[in-house]
Every structure is written in structure tokens, then in C-alpha cells.
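Some structures are shown below for you to check.
Two complexes come next, and they have one chain in common, chain A, joined by chain B in the first and chain C in the second.
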Partner chain A sequence: MDNKNTMFQRFWLPAALFVVALILPFVISEFWVHVFNEILILGLFAAAFNLVFGYMGQLSFGQAAYYGIGAYTTGLLMVKLHWPLFACLPVSMITAGIGALILGYFCVKLRGIYFAILTMAFGQLVFFIIFQWYSFTGGDNGLQGINPPEWLFKAIPYYYFSLTVVTIGMIILYFITESPFGYTLRAIRDNTERTEFIGINVQRYMLINFVISGMFCGLAGALWGPFNRSVAPDLCSWQHSGHPVFMAVMGGPHHFLGPMIGSVIFTFLNAFVTGFTEYWPLVSGMVIIIVVLVMPGGVFGIIKEKGYFCPRDAGDVKNE
Partner chain B sequence: MEFTFLFSQFMSGLTYGLMLFLVASGLSLIFGVMNILNFAHATLWLIGAYICFTFWSLMEAHQFALWVSIPLAALATAAFGWICEVVLIKRIYKRELHEQLLITYAMALIFGDLIKIVWGPTDRLIVRPSIIQKPLFLFGAPIDSYFIFVILIGVAVAVGLWWFLKYTKYGHIVKAAVYSREMVSALGIPIPKIYTWVFTLGIFIAGLAGGVQSAIGSVTLGMDMNIIIQAFCVVVIGGFGSLMGTLIGSLIVGEVFSFAILYWPDGAMVLIFVITAAILIVKPWGLFGTPLRA
Partner chain C sequence: MNDDIILQTDHLSKSFFKYQVLTDVNYQLTRGMIAAIIGPNGAGKSTFFNLVTGYHTVSGGSVFFRGQEITNWARHKIARIGITRAFQVSNIYPKLTTYENVRQSILAQQKRTLNLFIPAERLAKKETLDLLETTGLSGFRNTEAGILSQGDKKKLELALALASKPDLLLLDEPTAGMSSEETHETMELVKRLNKEVGLTILFTEHDISVIFGYAQKLSVLHQGVLVAEGTPEEVRQNKEAQACYLGEEI
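Up next, the complex of A and B:
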């Protein structure tokens, strides 16, 4: 089973990425530190989304709602009640989790495209509540002045803070996906009926997973507010819900690190393209089409196909 | 006073509902037959509105400009939709759900920017011909006279689609394809061809709706995003693939929106989502939908 060799196979890539992430701020300019900070936050968002998509096999097109709830929880607590950032993170996870619990309760009754549409409709519901509730959320003005504490104010300290939180989050997510719970999710994805027949309460598992995913989306959102110094209702819109979908598909939804890799590519591209054109949606749309048509399994799918090296495949029960 | 006020509100709800029907019926038709959820549908609708504006501005001097521009816009949009189908959608028939969604999502992003590039960010306003500039009085209530035209078009499309599905050969094929693609194809009917024309028909209706919309108010960027979400709500309420359901769903959403905005303006959109979610929970396939193949 787990001899040294497979341990190495399993962890060399994340370890290498972590080391690179540690060293990066010494080599690159402040602008790119910002970009990498964004990569980390959106990567956590996409990885949390992938819990529902890659592992449970349901496409959620409304995960930005929980991301937005997390961002607004932190924003409101910091701006209106002057809470310290550290206290806000767990509270954001809890509020996002509660949101996911209430809305997810209805979503997990459906499958496939109906699941996608209902998650999207609920996502828009959250968006419009935030958008219209001027007195509480600031409506389309958003919330400004979400300042992290003094010692995190500069780009590089905040980057290391994000890196710490995101790394911890990713490790927890990894343990969840490798637990019996995680394998039950894969079973649900691969054959829902059979999973039901062996006595597993599929809906309950799906709901629990949806809540966990929502909580980590909320955590990512909570990091976003102080990073950007502001939050806006756009964070919850369905366009924003499309980002983690694309990141997961681009990186490869059947590998644990796929969404993070997708985030690297997507965010990099964003930073690069917006440097010289305002037509980012046009470019990103074309990239999405090319990726879907040409490399359906994402980056990790291609790597696996070519057999260059074999990072452990987190997706397929059948292959293990 | 109270009655006339409510009546004119009802009429504007009816107009809005039928506009939603024009967008949603194509969406529902495409989904019902091809099983593809077209995120870009409303963006194509907006393209129709802009095209109509362009045709109109070419013929500005004439009174008939608008009436000629609307069908031209519908045809031009349909041609554009046909190209999209042949170039792009054809490649994703057999792909997985998330890939199809991502492709149409990407189309929405691309077309949104294309509109910005071609027509620029300024709002476009069509000056109506004199015949529909003055309001019409119905039961003492002032009604925008163009609304009558919108309602007529909506009803005409509804009846036309109903007739097409019920009495023509191709309508029967389309209806059969909703239930079993394999069976239809086993009967020797070329499914890809049917798909292409269903998609084109859907986009034609969207373009027509866009043309009609262009004279209701000014045409602005981002209009499509509101309407696509509401059109999703409509098809979910009514049931995918059901023409009747789409019509009822559109009227519900149109009227609810129109009256909610009077009494609770901030909550109008929220209310529509609440209704949608409630219906989806009680009847996952919508009011008139039948369980489709997974």
C-alpha cells in the first residue's frame, strides 16, 4: 500500500508548489505578488467548488453565493463592528455554511442540469438580496475600507497570510477527500443508485458535502475582502460562479490540485490580458472554448494521457 | 382611478411577460430538443436589438423603418445563430453537461464583448414612428400603444409555434425528438440537421424579440444578463420543453414582477426566485414539464 515510493508520488507536487509559493515574493515584483495572492484565494474557491463537482459529480453554477456570503460577513464585521480579521474567518465559514445548508437542502433533491439551474437560481437570489439591501450591504456600491491589520497591510505580508490560510484549507480539504466520506462521494458520483442500495443516505451525504464546500468557498471569500480592501455584489453573480467551473475544468477536475492549477492559468491570463485590453471576457471566452474543445480532461488529463508522470489520481475509484 | 391604474400595470406586466416568453420559448425549445442549456440566448436577443437599431438608423427618414427593421433583425440574428450552431454547438452534442454549459457561457461572454466592440458603450434609442408615439386609452387607462404590438407579436409567435408543433411534419419530428432522440434517428431522420434548424429557429425568435424590444426603451449593454436569468426562471417554472408551460411561466413572472415593483420594488427579483425555487421543489420538472431523460 503506502510505501515510500507512492508517498513520494503523492506529495512531491504539492510540496514543490508550496516551496515555490514560499520563495516567489523574493523574486517577483509587487504587482505579481498581488496576482499570486489572487491565485491562492481563487484556487481555494475552485478547490472547494470541486468538492461538489469533481468528487460528487454535480455541477453547481451558484457557488459564488457562498463565496460572497463569506466575503460580506468578513466585510461587515470588520467595517461595522471592527472585529479582528482572525475572528472573522471562522465566522465567515459558519455563515457561508449556514447559507449552503439552507439552500443546499433543496438543491440536493435534484440532479444534473436541474441541480445546476437551482444552484444558479439560488446564487442569483443571494446576489439580488445583497444588491438590493442598501441599508445593510451597501447595495451596488459594495463595502469599502475593509482594511487588514497594520502588519498585514502590505502586499507581501498579506500574501503569506493568504498562503498560510489557503494551505491549511487545502490540507483539510485533502483529508476530507481521502477520508471514507470522500470515497462515498466518489461512489455517489460514479453510481448513485448503487450507492443508495448499499444503504447510504445519498441526499444527506450530498448535503453535508455541499455545506463543507460552501464553508470553504466562504473562507476564500473572507480572504478576498481584506485583500481587495472592498467587496461588491458582483462577487456573487453567476458570471463569477462560472470561474471555479472553468478553473476546475481547465486544471482537471479529477485531480485534487487541478482547480488550483486552473486558477494559476486563469488568473495569470487575466492579469496579463487586462494589462493591454479591456476585452477580458472576450479573451476568456475564447480560451474556455479552446480548452473545452481541445483538452477536455484539463491539464492533468493531458498529463495522464501522455503518461509523463503519474500524480495520484484523486478522481477515479475504478483506477485504484 | 384605482382600477385604471391596476389595469395599466397589468398590461405592462403582460407585455413584459410576453417579451420573456419570446426569449424563453426559444431557450426551452433548444433545451427540450437538444438538451443544451443556452446561456448565450439572451445575448443573442440583445444582438437582435442592436441589429434592429442599425437597420432602423439606415432607414431613419422613413415611417416604415421600424416595421422593416424588426423582421430583418430577426433574420440576421437567425443567420448568426446558424453559424454558431454549425461552427460550435455541433461539436458539443455528445459532450458532458458541464462542457456544454461552459461553451454557451463562453459564447455569452464573447458576444457580450462583441456587442461592445461593434456598437460601443452608448445607449441606443429608436425614435418610434408617429403611429405609436401616443398612448392608447383602454377602459380609461393609458396604455403604451406599442405594447399592443408587442402583445400581438407574442401571441402570434405562441400560436405559430403551437401550430408548428401540432400540425406540421417537422413539428412532429421536433416533438418526437424531445422524447426520444434515438427513436427519431432510428426512423431515418437526420438528427444533426434537425438540431441545426431547431437552434436556428430558437435564435430567430430571440432575434425577433430583440427587434421588438429595441423600440420599447433604449438598448443598453448588460440588458441580457437580467433577462437570461428571468428566462431561466420561466422555463423552470413552466417545465423545459413545454410550450404551454413556458407561456404560463412567462405570464406569471411578468405579472409578479410588474406588481411586485409597485409594492415592494427591492424585492421584485427576489420574489421571482423564491417562486421559482418553490415550484422546483414541489415539481422538479415544472408546472407542465414531463421528466426528461437524464
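Up next, the complex of A and C:
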């Protein structure tokens, strides 16, 4: 019985969100289907980023680099080699993972603000390579004509395709966060020193996690290209790296679903506000200020504080 | 090297810039012993622990564990070969529950922390509960470790160290912040572990009753120099030890 209660407590919210996501296209216009597609893709991006931020305790300002590598891998494979989309997704994860392995090797030697700055510097490095390499990436023109297969061409089929891929991605990420590896990340976040003294090679685990995060950022990027029909270098820019930071902070970095909820708020507001003003960054800035001042743990932080329900968070298991 | 010697340091020295905090310490610890390093504040006791466990880099000399040189090894490597420690200020995972703290250390010892797909909550249940029972923390297993009392945090840190199944356990002031009852319980546990599993224990302590009640060998450090060594009775009678630490006859 206890087990059933625990399972219910743990999974009712993601299950409810999934059902809502399934029904949505039947009750909203095509424009909003596009918006929710974006929410899903950016939500996966933010959840992957949160492996590094919420679970490992390090702020990366360069995850857009791996998102961009994933997007460009799919774009290049589809446009230049005419690969099928399905084959591009795993390859994009691998290339983004290789990028994260090479750059992360240096980043995980640092902590705190130095880690954040180096991730941002490497992110900008990727941005400038893509920006300058006209013959291969199209430079600042980007790549156009990344068309999904015909049966995914319309908004609703692509939405369900994204929903499937994102759901699978989120389930894998959830398993990782609940695994001994996931708890080792929490341990590193909580007390790096003690973690070393129980015999764990902290740098190695940080690097593995950085690569996993990069791979799933790459998967999100791979979904973005065919969704948008094009990719551009600013997908890798440091401003774009800020989006998952906003989302995780808004939703709550200490809850697995926090970044996805943050993506809902951020992307929805973006779509809504840009409908009547061009000053969206001003509005998003104000929202961030309010969140940080009023609910520093994000939406899930305030929900937990008020005791409305007790979802598990990134440092908390009450039922063993 | 004698097989019975579990820890040995040869001319171990440490300086921070121009300050020499440990000078030519030649120390040997026999397997299966409970030993203490004593000395006034600033004598170099914690620094000695820090050098043995890789927390600080060694400036001069060598450290040997079971005959193998481990000077300046990485901390996790030293922990893996069988040396663990508890710190003076409890060093735990404040946002994890007591249960998760202990389980984390057990999973690390079992080399299962790279497992990505089995939920952690399914693993090491019995071992975790047993160790919580042994260290008297069963009642707090669902409590977030950060809100435990100082004494319970010390017990938890001891549990984290024991979970690693070490051959040599270094305890830096293990009873600091504990009530006299908790102090007695903790030291009795240490003694029991020493007797039952043959765990070698080296500790520092300021409480004279703990030092003379439990240590079989005492070493006195003063201003980074090892000035006296022997059984508690020998050290008690040693004039140099009396002068620099004990102050007056006990």
C-alpha cells in the first residue's frame, strides 16, 4: 500500500502533464501547437542543462553549444547528405556528446564562477566557429530547408513526434537522476570534499555528467532544426545558453520537472508578450527578478514550501 | 618494512609558504591498534591527518600505507585503498537524508555509483539500515542530515567513514560537540569495531579522559615536531610531553 502511495505521489504530476500534452492539439489553434512544440523541445534542453545545474551544483552558461551542435548535425546530415530524421537524432546526440567531452574535460577542473565562465567561453568558441565557417555551416546565413519527412510536415504530427522523443528523453533523464550516479551528483553538489573522501573521483563523474547533459542538449537541438526548418548560429550563443538557466530558475532547479515547467512559463510568456510588444526581454527580466525575490526555489520551491504536495526534489527522498 | 605496520611516515614535513607546520615526523602505526595523536591547538595534528589522506600536498618526506608509498596520491585513491577519515567539523551531505548519506558511502564502497539505470533506492538497503543501527542513527533515517544535532552529525560522519570499510580510520576529534553520554557511546563503538573487525584507528582528541581511556599508543606533537611517543603511561611520565601539552602531572 505504501509503495502504491509512493508511486502515486511520485508520478501523478508527470502522468497528468503527459495526458494534458496528448489532448492539447485537439483544443488549441495551430499557432499554440507550435508554441507547445517549442515548450517541449526547450523543456528537454532545460532538463538536460539541469543535470549540471540542479543536480551537480555547477552553473553552465554554455550548454547552447551542445544544443547547437545537435541542431547543426541534424541540419547538415539532412540537407547535405539527405539522411532520414530518425537516423540524425542519435548521431546528433553523439556529436554533441563528443563536443561536451572535449570542452567539458577542461571545464570540470574548475568550480563555481570559473566553471560558469569557462563554459560560456567555450560556448562562444563554438558559436564563432559556426558563425565563421561559411563553406560548411553556412556562416551567419545558417542552414535552410531542413524539412522533416512529409508525414511530419504539419504542426500536429511534428508535435506528437516531439512529444514522443521528449518523453523518452525525460524518462531516461529521470532514471539517471534516481540512479546511484544521480545521487553521486547530488553528493558532489552538497559536499565535493566528502565525496572525494568516500573514494569517488569527482572530476570523472562531473565529466561523465557533462557529456550526458551535452548529449541530451544535442537531442533537443536535433528536434529544433526540422521543427524550425532552419538553424542559425545564434542557437549556440551565450544568450541562448541563458534560456535553460531562466527556465530552471523559474520552474525550480531542485525538482526534476522544474525546468520543464519553467519552459512552459518562459516560452508561453514569450509567445504571449511578443504578440503585443517587442520588449519581451524586459518582461522576461522582470519575471526573473520576481521569481528570484519572491520564490527563490522556483515554482516547485514555493509549492513545496507551502506544502501543497510533496514532490521529490533533487536532494530529497523521503521514502526509501 | 614490517608487515604489521599499517601506516608509516618518513620525515613527513609540511610548510605553508614560509610557515613550517610539520617537521620531519617519523611515525609508525601497528595494525589493529587504537592510537591517538595529541598536542595543543596548532601542534599539527590535523595537518598530519591532511597529509596522510591527501587533503594537503606533502612538502617533504613520504607516507606509506601497508608498505606502499601513497605520498601525494589523490584523495579518492587513498580512500579506495583503505584509509578514511572523519573531520573535526562534521563533513556530511546536509541536503540528503541520513539514510541517503550512508547509502551513498556504501554504494561508493561497492563501486556501484556509475550505475545509471537502477534506482538507488533499491540498492544497499540492508547494509544501510545495519550501519544506521550500529551508529545509533536509525531513528533519524528520514531526517535531512543538515538539521541533525552536532553530536548526531558526528555520528553520521563516523557512519560515512565506516561505510567505506576502511582498514585505517582517522578520526579528527571524533567526540567534539557530543554530550558525555554520546562521547562514551561513540568511543565504545570505536573500541568495539577495533576488537570485532580489527579496524586500526588513529584519532586526535582534546578530552584527556577519552585519550587515556581508549588509546593504546600516544604520540605527542608540539609545534609540528613529534616530541614523545609510547603507551599512555609512558607519555604520562614523559617530562617533555608534560611540559608542552599536559602542562602538569596528571
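For the reader, a short list of remarks on this structure follows.
Keep in mind that, in the parts below, the second predicted complex is superposed on the first by the 313 of 320 C-alpha atoms of A that agree within 3 Å, B and C clash if a C-alpha of one lies under 4 Å from a C-alpha of the other, contacts with A are read in each partner's own complex, and residues count from 1 in each chain.
Everything that follows uses one rule, which is that a contact is a pair of C-beta atoms (placed from the backbone, for glycine too) under 8 Å apart; a residue touches a chain by one contact, two chains touch by 3 or more.
Only a predicted model underlies this, so the values are computations on that prediction, with no experimental measurement involved.
By the document's definition of touching, of the two partners only chain B reaches A:I117; chain C does not. In the superposition on chain A, contact of A:F197 is made with chain C only, not with chain B. Once the two complexes are overlaid on the shared chain, A:V292 sits against chain B while remaining clear of chain C.
Applying the stated contact rule after C-alpha superposition, one finds that A:R186 touches chain C and leaves chain B untouched.
When the two complexes are overlaid on their common chain A, residue A:I94 makes contact with neither chain B nor chain C. Judged by the touch definition given at the top, the superposed model places A:L282 against chain B, while chain C stays out of reach. Of the two partner chains, chain C is the only one that A:E178 touches; chain B does not reach it. Of the two partner chains placed around the shared chain by superposition, chain B is the only one that A:F53 touches, whereas chain C remains out of contact. In the superposition on chain A, contact of A:L269 is made with neither chain B nor chain C. Taken together, the two complexes place no residue of chain A in contact with both chain B and chain C.
If you check the complex, the residues on chain A that touch chain C are 175-176, 178-184, 186-187, 189-191, 193-202, 205, 208, 315-320. Remark: chain B residues 35, 37, 88, 91-92, 95, 97-99, 101-103, 105-110, 112-114, 116-117, 225, 229, 232-233, 236, 266-267, 269-270, 273-274, 276-277, 280-281, 284, 294 touch chain A in the complex.
Against chain A, in their complex, chain C makes its touches with residues 53, 74-76, 79-80, 84-85, 91-97, 99-100, 103-105, 107-109, 112-121, 123, 125, 128, 141-142, 144, 160, 163-164. Taken together, the chain A residues at the contact with chain B in this complex read 53, 59, 61, 106, 109-114, 116-118, 120-122, 124-125, 128-129, 132-133, 238-239, 242, 245-246, 249, 279, 281-282, 284-286, 288-289, 292-293, 296.
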